[in-house]
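Shared chain: chain A. Partners: chain B in the first complex, chain C in the second.
Let's look at the complex of A and B:
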């Protein structure tokens, strides 16, 4: 049952990529900015809870709520201070500057602060559901993995309903299509931008807390998760959360299978080479026709 | 000595003199070693300025090729006992070959796809390196040799430092030479828009590959001197964080400035070396610094300096007499100072030119001595100047061109069809155009006008049918090949190179460099020839007085005029114009109509336009598309009377 267990492990990592990809895609729809700092919020969630609970001795619920609140406030402040000037000011920035570099800078900043606060060791938030892994027909389910999957399904479903069936979801799409037009139509694009940014930051932090018992995080872990989530979002053409979700799951499973069957050491290397080849082989099909210019 | 040469020699000299002085004075101290380390990175960022900054080809390949250079030198040195200085050029050649192979695959992608595909390179590289014992794995690879082998420590430090400075000076020289050459202008257009570049004859696939290889060779050189001076190659040299750090250096310094890119690398590395706190918390510092610099000026430190210079000049010009000047907009590439006039014209983009330019051209002439002699006193004088000049040209052309009626048509579209995933956009279009005259192409939104223009221009391949030019089948030719055959075009949106002059923007279509390799321009630039041709066209169009103006300081009307001049300058046989009147006022359209008529006497023009009056005024024959089919084909009188046209386009 090696295959089954690999697929389960792949589903768990894949669901994280998927949710992060959805976060990147949804916020890109609103703001036309690619958020490369999503993973860093996950890292802050995991290491923050660990620090408050294990080092500072706060009760676990208090530690979790405090960490999430800090993440939310920080995300709001970032939007208020930096993105207001970059996006709403008289010199609205466009092209690659906005697409890549603001959140590159944010990612570096968060990682640096995390290094100051939490050090460089591997830590993890305490497991929320303790106990042996569950076994069913020779398939092993880590409890933390099941939690991650559950969170992914809930959050993915909530996003889907929100975008598909609510007025807010439609407005969201309008913001990204044409910010000026959306504003004329009475949509407060700024409000959506900070709301979604804050929302995705908190979601990422929750995932960090739930997932960290499986892998353990350092202050640099965020960048890797961000990149993989970003890649998954890329396969969804950045604007299509549904496709991003599928791509994320697929990448996770592929990663596990390559690691298990092909080569444990070079598994990731092969995975990334395959992903690069996919982009080059089908740039149109993967939704890259909306290329960055300027 | 030409201006272009000065512009490339000045930064090189600056780097060389400053670098040598620093190495000689501080070479044996800590400051010196920090400087040498940062110079290694600066070699890489100088290449990135050309590849990413100017040409907008975002490829995340630099840290990987820094690793190729560094690890290659380390291996050759430790295993084959090869001196570092010998191993370095070997690894640069090896990197060039590797980049050529890799680049011929990845540079087929553009924009985001290129960025995403190459984003995986650092991930692949770090996975490979950390699992490969021959490269030292996660520990890193040590070197036994030095860049300048010597038994005395001080000699090897200073010698190594001087060699590094020499590498940096060469890198800056090559980068500046390419950027100030005619190929540099090609790269600027490539940075604005790939399709426009192709339509102007730029062989985009080749240039993109060359840029990729150039960036990789610079990176490998930087990596090799890094290995030689540091005597150790850490695994972190190739990881994604290193790649992002390089990009941050580029952006902090100024992505569109070679010196800026060098300064960016020096600043970041120097800060790390100078303070232990910064070195430990470099991520925070880089993050904050990049955010602040981007917020102040997206063009980085170089942009801030240039804006400062432009402000200073405009302040001086203001003191000299021009009235009502308050600060320049973000003119970031300091070409010719036009800031004195830009403030006025930017605010009045929609009003008629004649109203705004009364005060402007005077001020512009005061700043630009070259334009004084030939300058018209006012933009509104354009027609009297233009018409006779154009008429002269057309008479010359008529003698050369075959008689319009006698022989076969110039352009023939036979049974053109185009489908996008089953949706028919064009269906069985047959059009034949003679060698002279202006032909209108109308139709409601989504009728397929622009698609047809793209099929003729070559940016969209048709699903069925043939495009013939002079009887020869050109259906399979690429856009730049069609440009060489004499097809020139404009696009709906204005795609000019901001920060460059009108003259340079027009010169883009007169370049003789399309067949040349990028390396040939290190020796000799032929930009001046292109500028001469462009100046001639501008004079014929009565636009010579604005030739030294920076394009973003122009009104929309004048920007469109510049695009028309650019399309006309190569003397095309077929001119494709996509909605040149959109966004123009009634009065401006009258002037445009005069200009278009003159074009029609010189060459064959196919005009896509929504303004039916304009089309009827200037065209001798009009085609109407609806739902991808040709529904009308006739003269302007029939056009006005046709019930089909009226019901379709006027709503009668």
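Let's look at the complex of A and C:
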């Protein structure tokens, strides 16, 4: 049952890619801005809960709610102040490079504050579902891993259903497709931008709390997490949350299988070579073209 | 500085970019005579560039009103200002109710919808989703939107779109895209439909088809405002004309 266990391990890693890919893709769909800071919100979620619960001694639910509230308020304020000046002002800033810079700066800012508040050690939020790993027909399921997988499926699935089957979701897509056209239809593009920015920040924070018992976070973990999310989001052309979700899971499984069967040491190298080859072979099919041409 | 004065100084600075528009508010009226749209002293400026200066005109219910004039004289800016797509000075009333400045959704909910220049579709959404989003101004329920009369009417008006409804809007031809844009406008259930350059870049036969559709929309009781650079085609359909010309008050 080595194969089965590898697939399970891959699914858990993959769901980490997947959730951040979905967050990146959904917000890009709304605003045409890549959010590099998404992983930092996850880090703040995990370390914030750890700090409030372990160091400050607050009860766990209070610690979680406080942390999420802080993340939400901060994301809202960031949109109202920085993005509002950048995008809604008389001198509107456009182009992927400029807007990229804003979230890049945000990422560094959060890292700096986190270093002051939480220190430089590896910490993690307490495990939410304690106990031994579950075993079924010689397959082993880590409880934390199952939580991560469930979270990924719920979050990704919810976004997919929202965008595909609701008018609000289609309006969300319209914002990123053509902001002028969206306003003509009576869609409030700014409201969508801050709602989704805040929503994805909170989702990232929740996911950081659930996931951190597996890997452990430091104040610098955010950038790594963002990048793994970017990789999977790129396979959805940065636009299709459903595809980003599947891509994230697939990359995770592929990574685990390559590590388990081919070579543990060079598994990642082979993985990225394969992924690069796939992009070169089917740029359009994988959505890269739409990501580049807009 | 009053809006009028500011407009004038801007006009002086920008020469050909500036416009004064006017029309015969009390002139020929439409079927019922009730004012559908009442615009007084409308000015629109982009930064220092004044695009529309002190436009005053009335469109009666049932009218088909053409806004004509040379390129770059502020015709589109009038529609942008009236619908709230850009900030304006001056007053706009839709069926007697003053329209809040810059609120497109309010205008759409109260019966004034814009079919914009260059269509402004969502290229990576399907044609049918583009049209459905026209319903967004009055509902959030996709089921209600799909079953609604305005949506059905918008779809039925363009039988030639039927085979292309599942296609991405960006892959449609220019004529088909224009039809999707008009259908999206109709899905919002407008009492006044403002169409900006509906035939821009279209072949003659397609342009004629677009005007046939506009005529049938007008016959069904929708008040039309059509912006056209060349008045010839527009005037086959329209009973009124507002001439927008650089510095010339244009009742025509």
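Convention: the second predicted complex is superposed on the first by the 287 of 294 C-alpha atoms of A that agree within 3 Å, B and C clash if a C-alpha of one lies under 4 Å from a C-alpha of the other, contacts with A are read in each partner's own complex, and residues count from 1 in each chain.
The definition used in the following text is that a residue touches a chain if its C-beta (ideal position, glycine included) is under 8 Å from a C-beta of that chain, and two chains touch if they have at least 3 such contacts.
None of these values were measured; they are calculated from a predicted model.
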item: When chain B and chain C are modelled together on chain A, clash or fit; value: clash
item: Touched partner set for A:116, first chain B, second chain C, both or neither; value: first
item: Partner chain in contact with A:107 - chain B first, chain C second, else both or neither; value: first
item: Touched partner set for A:170, first chain B, second chain C, both or neither; value: second
item: Which superposed partner A:239 touches (first chain B, second chain C, both, neither); value: second
item: Chain B versus chain C as contact partner of A:181, first or second or both or neither; value: second
item: Partner chain in contact with A:269 - chain B first, chain C second, else both or neither; value: first
item: Where chain A meets both chain C and chain B, residue numbers; value: 290
item: Touch list for chain A against partner chain C, complex; value: 90, 165-168, 170-171, 173-174, 177-178, 180-188, 239, 290
item: Complex interface listing, chain C residues touching chain A; value: 47, 83, 85, 104-105, 108-109, 113-114, 116, 119-125, 129, 132-137, 139-142, 145, 184, 188
item: Chain A-facing residues of chain B, complex; value: 56, 58, 105-106, 108-113, 115-121, 123-124, 127-128, 131, 192-194, 240-241, 244, 247-248, 251, 280-288, 290-291, 294-295, 298, 330
item: Residues of chain A defined as touching chain B within the complex; value: 82, 85-86, 91, 93, 95-97, 99-102, 104-113, 115-116, 220, 223-224, 227, 230-231, 234, 238, 265-266, 268-269, 272-273, 275-276, 279-280, 283, 286, 288, 290-294
